[in-house]
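In the two complexes that follow, chain A is the common piece, with chain B as its partner first and chain C second.
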Partner chain A sequence: MDDALIPEGAKRCAFPIFMIGIIIVGAVLLWGVYAMFLCWFKGLNQTNMNDYYGFALWIWADLAVIAVGGGAFFTGLLKYIFKVDDLKNIINFAVIIGFICYSSALLILAIDIGQPLRGWFIFWHANVHSMLTEVAFCLSCYFAVLTIEFIPNILENRQVNKVPFFHHLAHNMHGVMAVFAATGAFLSFFHQGSLGGVAGVMFGRPFAYREGLLIWPWTFFLFTWSAAAFGPCFTLLVTKITEMITGKKLVGDKTVNLLAKISGWMITTYIIAKIIDTIYWAFVTAPSMGFKLGHFYSNNGFYGYWILITEVILCGVVPGLLLINKSTRENPATRTIAIILGVIGVCLNRWVMVLQIMAVPVLSFDTWALYIPSWQEVATTILPVAYGIILIAVAYRYLPVFPQELELNESADTAAQN
Partner chain B sequence: MIENKKVHKFGMVIDLDKCTGCGACMVSCMSENNVPFKEDESNKKDSITWMRVYKLTNGKSFPETEIVYLPRPCQHCGGIGDHGHSPCVSVCPATATDYGYDTGIVSQIYTRCFGCRYCMGACPYHARYFNWWDPKWPEGMEKYLSPNVSPRMRGVVEKCSFCYHRYQLAREQAIVEDREIEEMEYQTACTTACPAGAIVFGDLNNPAHKVHQIVKPDPHPDPMNHKVVGKSRNPKVFRLLERLGTNPKVYYMSEREWVRKAGDNYLKGEWENVKTHHGASSSHG
Partner chain C sequence: MFPFCFEWAWDIGHSIFFGGFWYAISILGVGMTYCFLKAAYDTVNDKGDSHH
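And now, the complex of A and B:
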């Protein structure tokens, strides 16, 4: 039915099957949209947030998607600036995932603020001292860059590309993409960093506060570093999931292993820095404010040492080692375990840096504030996931996302035809 | 225009040995500042209490049990080194909360706040409150609203302003009469309402004011922690979480050591050091 739109030579499932999938995910999406409108029209009383727990589930999701969306800037940097040519096989997909992550992040922010119609105040009345101001500026600019990076891929759709103007536009945009990749990397460095800074500068909250360099707390650098380290893991994970769903190999092993190797080294160096940061914070920063480590991890029903150990060791050191070691990296099973652990690790880090901060009591006579999200929060947190699945499905069906697809599936297809 | 040239530093001292926990300060604050309330106030975590009274105990069993009530308004933090970068002010992306260098008061511009709640995350005193609901006044009650204070809409953050409107009124009067504001001309609602006289309010910069005389603020940074400025030289006086360098302008006073110790977090053995140092610094005051 939609054959004319599908990339030449590519095999796709029948249109009705495709539509059934879209409708199922679309229903989840609508559920999220309904919750979103409730928050907009009735207000944030629809959530279980309160004055002690002013940031909630979706703010964590916001930071997590930005972190895992880091695969786009880092892969772009490697491909276009450091000329790691093999990554051309995955860069389109990395950009699409990045685009989804960043558009989701902006959407979540629009739901999160109490007065969405005043969102522009952050640009108009900008406070240059606030890390959040830097986040807002860089995030919006970087989203624009990602859109520019995504456009040539859309223009390569079989029908669109027949129009000479779009054909040449796509071609020329590819030619200048290095400029955008460089701009994106620059912007990403700052907004990933300033997201880390958001927590690190809160000197009234000893769990979050970090010392640092000039105006930047250590968390500034750790956030950028972790996004560059774990972002590619997420790109690989989504690629793997797409391959499983489509039943096709979409990216060659050489590219996958290369990206996994780079990610592995980034994770390993990051986690060393993270461990040093944690030790310095636990033994110097926090005690100088009257706190011992145990204060942040005990006397509550959820935040125990397990969270620190899981984040740093299980989901940091382990995936790092699995990915720098050639044999475990090239073994599909251990590689997949490593990238899953990596993605969980960075999400856990963002969880801790957003939510644990709120939960830890600071006044000596205060208590822990624990929190269970309302269904509206859950629905609006799942909303971007559903949107992402739909966008990936549509892009995969109609755009030439994976340049290696035909070559990797040629023999299987011919076999099927015979 | 003497008034415009003078740099004030308004602050408060709350005598915890006098406070009975009656809550008059909370009530007067709410009515003075048009603070909205919920139909059901049972969940205190999303109630708006610009002034909130905490109940502290020494944790001992009868007959040694002691209880103290600790009223907590916004502490009007001066930030690290008292440079005006309070925890909440420095983080607000839209400059919706600001530090008044001429008054030491941390303001909140409701019409500029867009509700990101970053300031709430940054304030360790939980002194900031979000309007989760649209304010609703029972029929007829809107007639009791103060015309000097704007009610706040859903989706913005609010907090104690040291009854800034009272300062504005007193200042205007003083400007017209070309003189300085008198101590008693500008007093917050909680101060005037407290039946026990536990709250004292005034200009910490003015040696004639009672707050200054009680607190005897140290003009030098704390030698043990340079982030801390304006420490009291009165050994009975302390601030909440002083060691973080938030530099609050609300001081507390108590004869009882356990109460003073509850003001901050200390590692094992640290309190003895701090206490000795605290006492020593008061000797030159």
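And now, the complex of A and C:
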């Protein structure tokens, strides 16, 4: 019944099977929506936050999806500004993933402010001395950019594209996409940086505090850099998962290897900067404030040196080396391991910068504030994942997301017909 | 948000924050307006199939 909407020549599963999948993931989505309404109507007593611990699990999720969603702005920058033409085969999907990540980030912020009807206060009554105001401004504007970048793909749906106005609109939007992509890269640079900047200026939290350049702490640059480095890993990972679920090759090896190579060099240069930053912080900044490194990684049941080694070495140095080395990059198994480690690495970095800084005691009589999230926090954190799966499923089914799909699966389809 | 809002101050903070904000909004607005007008023009003039 929906055959007329499916891209011409593309093979998709039967509609009932598709709907069963949507209903299963939709149930998870509704669970998250229920938890979200509990947080809105009953308040923050639905969470396990307390006077010590002011960040819920969803704030980590917020920063993590923004970081992994960085693949959209960086791929857009490479494709439209630096004219890396091979990335045309993955740019649509990168934009969809970015759209999902940023809409999720805004949804999480709507949960976090408690009274979403007052969300507009941040624009009307803006505190211009706050980095979070800059984050909110840039995040909202960049989400508008991603929406604009997503629209042509929707307009290229087989039936929608038959309407002459929509056909011309999609064409014209493609024509000026470089302007939108440049605006997106500009906005993304500042909001990713500001998220890092927030941690870097916390004078009362020596775990996060960093020195820097003029008003910008080092973390400002590290956050932007890490998003550009690891974001493409997430794009490649979701592409791989989509290929596994659909049983089809969707993006050519040349494009995948190119993006993996760029990501590898970005990760390697980022992790060198991160190691320098960590050493300077551990041996200069923290001691100058009266702390030893061991203070941040001992006397508690969870945060040990393992988290630092995992983030920097296992999920930073290792994926960087695997992706810049031609033989490991072009081997599907080691490339997949590298992109999984990369995604874990950037999520772990955001965990450390959001949750560990709250847990570390800052006064001599304080103890570690370890916390276990409530089920409502877990549900609202899983909610964007379910929403993302549904949007990707619908987009894959009805939109021409992957320009190489037919070409890459032609021989397999012919063999199946014979 | 606007200079006529009672909280507005003509200082460097407001100029940079809101200058950047409205600059970005303007680019997006002008860009989309151009696309809509051009699409309407192309439709009315029945321009042939345009591939991209």
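Just so it is clear, the second predicted complex is superposed on the first by the 416 of 418 C-alpha atoms of A that agree within 3 Å, B and C clash if a C-alpha of one lies under 4 Å from a C-alpha of the other, contacts with A are read in each partner's own complex, and residues count from 1 in each chain.
Basically, a contact is a pair of C-beta atoms (placed from the backbone, for glycine too) under 8 Å apart; a residue touches a chain by one contact, two chains touch by 3 or more.
These figures come from a predicted structure and were not determined experimentally.
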Chain B versus chain C, judged by how many residues of chain A each one touches: B
Which of chain B and chain C A:44 touches, first, second, both or neither: first
Which of chain B and chain C A:133 touches, first, second, both or neither: both
First (chain B), second (chain C), both or neither touched by A:297: neither
Contacts of A:141 with chain B and chain C, given as first, second, both or neither: second
First (chain B), second (chain C), both or neither touched by A:168: second
Which of chain B and chain C A:125 touches, first, second, both or neither: both
Partner chain in contact with A:180 - chain B first, chain C second, else both or neither: second
Overlapping contact positions on chain A, where the chain C interface meets the chain B interface: 124-126, 129, 133
Contact set on chain A toward chain B in their complex: 43-45, 49-55, 112-116, 118-119, 121-122, 124-127, 129-133, 136, 198, 201-206, 287-292, 295, 357-358, 362-366, 369
Interface residues, chain C side, partner chain A - complex: 1, 5, 7, 11, 13-14, 16-18, 20-21, 24-25, 27-28, 31-32, 34-36, 38-40, 42-43, 46-47, 50-52
Sites on chain A touched by chain C in the complex: 123-126, 128-129, 133-134, 137-138, 141, 144-145, 148, 164-176, 179-180, 183, 186-187, 190
List of chain B residues in touch with chain A within their complex: 43, 45-46, 54, 56, 70, 77, 80, 85, 87, 90-96, 112-118, 120-126, 128-134, 153-157, 225, 240-241, 243-246, 261-267, 270
